[in-house]
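Chains here go by letter, A, B and C, matching the order in which they are written, and residues are numbered from 1 within each.
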């Protein structure tokens, strides 16, 4: 018989209090036995929620809050609300990327104000699974969606114990957009290897000192990570609950550091921060002959560099090894459910519907011009057949769709992405901007991250 | 607690609460060189604002392609203004109204609290009054970042995060307002007047509201105006306290639009830049107009004060 | 209740609303921050009491020391310059020698009404190394364009923005003080045959000393707490303005980027101490100079 000493009062225990206390205690005992505590991650067996319960939940009037920065997402949300009229979605734009993650973390820490569903980019997922903030979607039928999505995206949203933390929404396989007119003017062939790229950079800048082959932004850690990804690096690896391997200055990284640092030092590439006024102006005025970007780049460029319409073309990234073409990913988001939501079933169904329902997924491609994460759309004739005039009628989507299949599936992100990003900008990024030794900067980045991880209680295995 | 730079304070002089009469100018000569020098200085201060005005007439593409300090070939100020007001379902109007609400309510509240507090410290002696006053003054030296997260956590527990109260309540505490009002009350409200009123049988509250407040007028207006500006321009506090864009003040709102243009990735668009620029222009106009219209009051409020030794 | 009793209670009652809010909104979070600074909340391991470890770490943290050093340098350069300008402007306006005095006074004050978000936007554009107007003009004139956003220039560029924003505000304070100098002093000086410069030196400056002290104190606090402008310029010069560029910015980055809320609280407290010391140093120096 449980000990009621703490709950007992001088007056006789009422029957109701007795029952409720027993109930609470036994429930607590059951939960502990199941191992559903905090630092444990998922429970041993993800028991599926019964379909009947799901149906019932979807018919109960509910209001869910969804944090997302996707513009005009009301259209896709409307599709969901049409199918499940009892569930209303409140869309809030709490910031784009890092600012939203900061707000989310603060809200989670405070215990109130967090939404039910949230847009999370692939690279940010481990940052929220380490704090156990996301809901495992397996019990809600998410496993069935595996074949709908491109393999490497599924790898990105899966946890170490097989959990499914989020549903992919869009992707950003990396490629290269180039100015055909500038290439033609200076007799430059489209580079297919990085060596050719370096030679082209030197040739172009010598011929025209006002033009650079490309700009590797000294503040864009995402591009760097994407290039590491392409080169087959594995800078971060988590195992177990608290082991992490950090190897941001391993052989592959150093190869990249020497390559890009060298080009920056020679002064044949630009290194200014991207997405600033100055950078937009530069693109419009033809200061950069290529833009190493992702699959969302073409649409973005056509909206931001209207002065250069018709002059751009798309191509895959130059390769380190032409026998095994590969690429990385830059950007793209998923929809995840916050663990503390009061309506897990409805939220999980929403996350799945939003991104896997064919009509909704297609809308992301046609309305917001996102690059799809579903296999179906990547082979959809209408999508890949699109031939925008900004790119001289080239089937740009087809180029990136082909690239998408070369993105390798085993790249992992650290559980403290924002810190990694800031440290990169202050070490490696700064070395690019200041034309100093990038390989040494990589060492600084490594030591900063290692110190940080250790301070945060991880067991760090260096690379 | 206002989290921006503290407002101006000048202590009233012992003499009067009315503006001292202007000195008669014995010399009627004006110095042209000095005027020119000062006009050059004026040019420096107005240059960025000129840029803002000119830039607001340009489309985003023209912002990149035309010379910064002169107009483009196709000015479109009205189009920009219209788009600014209609973007995101007219959220810009919300931002303006929010800013006005937070600023006005905070200013009124802060002025009243500072007046009551300053009056209390100046005209009454009680145990711990010195300690309390110095504690308040010392508060200004604490960096805002020290308080940001703890305040957020406390507010979250009280359920006030993401509400207007999260902005208004901290703005009501204005240590320099208290300092100013205390000095002002000490000089502008003669003890003899208070004694006379007490002898007549008036209660303390009545004395304060009917007599003291009137005498404290110019100081009140000063505190009010400077709290208004501080809250209007506050960026850091609303940035961390508010999640819902419909509650943003204009500073955070404009920064969020700027961020949309400055972050890469899907969903980014440089089109926001023209709106950010136009929105910035529109956000300055109300305050500048208010200052212009009210300059008689705040200048007399400051001028009526002097500086106490 | 007797009138005397009422009067004795009135003082506390009048200050109560202010002090209550002060307690809730300032002292309570401050106390909580102090409490936080004694712990570490780690991603693995959760909340751990560490006593003064955070403080020892902070005192040896090169990023913090550089950040404090930088704002100290900023203070030493920007504040005297800004106050000197404010003084000169105030004297010029008060001298009666200016035409269009009202317009000039208002124009210099207007930047105070501009939020720092907008100020950073405007100056960020003007500073642009390729497409900003200054750069373009230099390019057209064939001169090398100064890179306002580079390492060497950045502190100066920030100082420029802060000066632009606050000269008018300080000028108004000084001007208001000048306006209250009693007529008799001028008449006496005029009878002694003093010219304009002599009057400025002997009559106006002494009367301004308390106001100058006030503006100086505000500036001490403001410059050591420098945050808004570097934070907003970080976007366009991310390799120059690191996350620890100023001490306050460091505290912010620690809390919001690095999720090291406890260490951030520690850094903030230490910065607060620095500000207190600096303020008292300023006060002591000023008072010592005043007593003959």
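Keep in mind that, in the parts below, a contact is a pair of C-beta atoms (placed from the backbone, for glycine too) under 8 Å apart; a residue touches a chain by one contact, two chains touch by 3 or more.
All values derive from a computational prediction rather than experimental measurement.
Q: Graph shape for the chains shown, where an edge means the two chains touch. Line, ring, star, complete, or other?
A: complete
Q: Of the chain pairs A-C and B-C, which one is connected by the greater count of C-beta contacts?
A: Answer to which pair has more contacts is B-C.
Q: Hey, how far is the Cα centre of chain A from the one of chain C, in Å?
A: Those two chain centres are 39 Å apart.
Q: Please report how many Å separate the Cα centroid of chain B from that of chain C, as a whole number.
A: Here chain B and chain C have centroids separated by 15 Å.
Q: Could you pull out the residues of chain C that touch at least 2 other chains?
A: Residues 125, 131-132, 235, 256, 261 of chain C each touch two or more of the other chains.
Q: Enumerate the residues of chain A that touch no fewer than two other chains.
A: Residue numbers touching two or more other chains: 106, 109, 276-277, 281.
Q: On chain B, where are the residues touching two or more other chains?
A: 64, 149, 153, 240, 262, in rising order.
Q: List the residues on chain C that touch chain B in their complex, please.
A: Of all residues in chain C, those touching chain B are 3, 6-8, 10-15, 17-19, 21-22, 25-26, 28-30, 32-33, 36, 89, 92, 95-100, 103-104, 106-119, 121-123, 125-126, 131-133, 136, 164, 166-169, 172-173, 176-177, 179-183, 186, 190, 207-208, 210-211, 214, 218, 221-222, 224-225, 227-228, 232, 235, 247-248, 251-252, 255-256, 261, 264-265, 268-269, 271-272, 275-276, 279.
Q: Given the complex with chain C, which residues does chain A contribute to the contact?
A: 39, 98, 102, 105-106, 109, 130-131, 218-219, 241-242, 273, 276-278, 281-282, 287, 415-416, 418-419, 422, 425-426, 429-430, 432-434, 452, 455-458
Q: Hey, which residues of chain B end up touching chain A in the complex?
A: By the definition above, chain B touches chain A via 60-61, 63-65, 88, 149, 152-153, 156-157, 159, 161-162, 240, 243-245, 256, 259-271, 273.
Q: Okay, in this complex, where on chain C does chain A touch?
A: Per the touch definition, chain C meets chain A at residues 40, 42-46, 124-125, 128-132, 151, 235-240, 242-243, 253, 256-261.
Q: In their shared complex, at which residues does chain B touch chain C?
A: 1, 5-6, 8-10, 13, 15, 19-21, 23, 25-27, 29-32, 34-35, 37-39, 41-42, 44-49, 51-52, 55, 64, 67-69, 113-114, 116-117, 119-121, 123-126, 129, 132, 136, 138-151, 153-154, 169-170, 172-173, 175, 178, 198, 203-204, 208, 229, 232-233, 235-236, 240, 250-251, 254-255, 258, 262, 276-277, 280, 283-284, 287-288, 291-292, 295, 299, 302-303, 305-309
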